[in-house]
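Here it is: the structure, laid out below.
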Amino acid sequence: MSATEKAASTTEAPASGGRVKLRTTNVGMIFQRDGKSLPVLENIDLEVGDGEFVCLLGPSGCGKSTLLSAMAGFLTPTSGKIRIDDEIVRGPDPRRIFVFQERGVFPWLTVEGNIGFGLSNLSRGERVQRVNHYIKMVGLEGFERSYPHELSGGMKQRVEVARALAVNPDVMFLDEPFGALDSITRLIMRGELLRIWHTERKTILFVTHDIDEAVQLSDRVVVMSARPGRIQQIVPIDIPHPRDISSPRYLELRDGILGQIGLAHRL
Amino acid sequence: MNSSNGIHKMERWLWPILATALFLLLWRYAVTWTGTKVFPSPREVELGLAQLFDSGVLYHDIVDSLRRVAIGYLGALCLGIPLGLLFGWYPALNQIVNPVVQILRPISPIAWIPVAILFFGVGDHAAIFLVFLGAFFPIAVSCVDSVANVPLIYRRAGSNFGLTPPHLLVRVVFPAALPQILVGLRIALGIGWLVVVAGEMIAVDSGLGFLIIDSRNSGKRYDLVVGAMLLIGVIGLILDVLFRRLETIKAVRWGIRNES
Amino acid sequence: MGKNALKSHSWLKPGLFILVLLGAWQLAITLHPRQLMPGPWKTAQGIADLVPHGLIVKDVVASVFRVTWGFLLAVFVAVPLGLVVGWYRRAEMALNPVLQILRPISPLAWIPIAILWFGVGDLAAVFLIFVGCFLPLLLAVISAVQGVPAVYIDAGRNFGLSPLVLMRRILLPAIVPRLMTGLRITLGIAWLVVVAAEMIAVNSGLGFLIVDARNAGNRYDLVVAGMVIIGVVGLLLDNGVRSLERANALRWGFEEKG
């Protein structure tokens, strides 16, 4: 536990040591429900480095999805600022694509149509080339002309990831993208995501409530506590990929975070 | 889902009032600009209606129209709900009757007018019959559909507790289907209101529909025509809103949210 | 619970039922021989009378023609307007009172105004159909737009689409199932309105046929024959749109119930 304690900290320094891509300064969010004020987020100070993979982890109600939506520009924080590339985030932007769960795939377009959705400013030839590249990358060859309702949940998720990648965003936000999938597909998709990330090196913000998922995937895990959502701990995962989920270090980190979550639940 | 978050409470009143005011202004100026002698301005409509109201005629027309709707609608309820529930409960029966229903449905109650006049002569009964026709099908079909849509789980749970089919229908299926049935009832009332006006234009000599035709025919009183139209709209809206209140009470009690 | 009907005899029972109804109808007529209402046999004869003379075709064509024009006009105005009003909350809030008051007003109540503006004839009928179709369709589109899952809209905004482009590339395809249902219902309304309009304001078409048959000689056999034909054509129109709906649903895998 002590090694974890040493490694963990509440500071925001990005593990990659590279430049800061995304920075939240004292972000807070208050929702109005039926005339009452509901504080959802408080004092969120976070820095994410370029090309870093960061997980937001916490119990339900800790505001992690809200934070993610705010970072992507869909919500405006009631206090504090969110900056990407030192620009204040004012709204959604194709440079920062949000991957919803597979339900974000457009049912009226084919796989090709979906993936090429953001590419309308390219010439036809370029677009076709790009789309095919990403179809291959996510492993959906042969399904170009299929409609989403003919695909499984995992396949639809891949379509959505490919659609996001195709526009070459700087940052990708993923909100429990594998939540609706069965456990085996989930494991496969995690591997796929890492593979893609190693190839394309985007900055990734990933929300999950699954501790194992967080430790398997991310460079740093931001553990959040609930009501209102606050950053409780930031735990760097210093295991190189591919991560052995039975290695002592992995288990140590995971148990440490488990303990943190336990505290988060009690708070 | 749409464009804006952050709509101020005050705006809920501001925009409708602005838009309606703008609409009235445009109307008034359109009348002045086109120099029409016949089409009324908002003020003329108001005066015309006030005059009619003072003479008591308006009151009687409104009451007549409402009365016909009430009777015809009640008749449609009394016949439509039991039949609808029955046919929804026994799909076999429904399959037998359905083709006939599908053929009869597209025939506008208006097309029934000659037949209605033949049977009832010109007058109240014809109009009531038309309202009944117009409301019956939506009510019955709505009941059939609602019963069919009751989730199987509820029915199984009910029979699990030893309910025989008639009791199952009354204690489980009917309450479960009620929200959706209410929506159908509301729509049917709206149709009834439409039909009574149309029927009065042809087959009767009182009521708001008749007022429209009569105002035009005897004296080109288009101010009354438009006035009657607006009244029809407002009353129809009131009926609809009242009904929706009814829906909300039940729905809130059962925690089921309705789409309109 | 009810028993299931035997699939292989799925036309037998309804067919029998129809025959029973027809028989009851005929019986009722035979028991009262001196009044004007026709029985099924006379009605069939009435239909047979109408068909060879080509009159009925002309009337059907006239009615369908008016419906087409009025309906299409309503579609091309209501759909874009509905997209915009459905999208901008404030626009919907602003227009709502006016729309809600106009909604319960039967298209027929517009007849005096229609005649005032367009005289008696085709144009008035088309106008009435437009009036009857426009509002329900507009409300249906607005409702459909408001029902589009937020994910699709957020995704569209994420990809940097401007509101106008978003309406075209996301809202419009997303509302297709509900739009088709709305179109089908509105087409049904159009058919109802055209018949009524023709009974009052025009000199041709199926509605006029009914009125004329009655006025010029109390030919109630033709009246009822006309009603039957109206029902059948209305049913055909409805089924036509339903199969379109189904074709869409098959392709995209999402559909509207009802």
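Some observations on this one:
Each chain gets a letter, A, B and C, in the order it is written, and its residues are counted from 1.
One rule holds for everything that comes next: a contact is a pair of C-beta atoms (placed from the backbone, for glycine too) under 8 Å apart; a residue touches a chain by one contact, two chains touch by 3 or more.
Worth saying up front: this structure is predicted, and the values here are computed from it rather than measured.
When the C-beta contacts at A-C and at B-C are tallied, the pair with the greater total is B-C.
The greatest centre-to-centre gap from chain B, using C-alpha centroids, is found for A. If you average the Cα atoms of chain A and of chain B, the two centres end up 50 Å apart. Remark: chain A and chain C have CA centroids separated by 49 Å (rounded to whole angstrom).
Separation between the centroids of chain B and chain C, computed from CA atoms only, is 17 Å.
Looking at chain C, one finds that residues 149 touch two or more other chains. Interface residues of chain C facing chain B in the complex, by the touch rule stated above, are 1-5, 10, 13-14, 16-18, 21, 35-37, 86-91, 93-98, 100-106, 108-113, 116, 143, 145-150, 153, 163, 188, 191-193, 195-196, 199-200, 207, 210-211, 214, 220, 223-224, 226-228, 230-235, 237-238, 258. Chain contact summary for the complex, chain A toward chain C: residues 72, 74, 91-94, 96-98, 100, 103-104, 106-109, 117-118, 147-150, 167.
The part of chain B that touches chain C in the complex is made up of residues 1-4, 7, 11-12, 15-16, 18-20, 23, 38-39, 89-93, 95-100, 102-108, 110-115, 118-119, 145, 155, 165, 190, 193-195, 197-198, 201-202, 209, 212-213, 215-216, 222, 225-226, 228-230, 232-237, 239-240, 259-260. Considering their complex, residues 149, 151-152, 154-155, 157-160, 170, 173-174, 176, 251-254 of chain C touch chain A.
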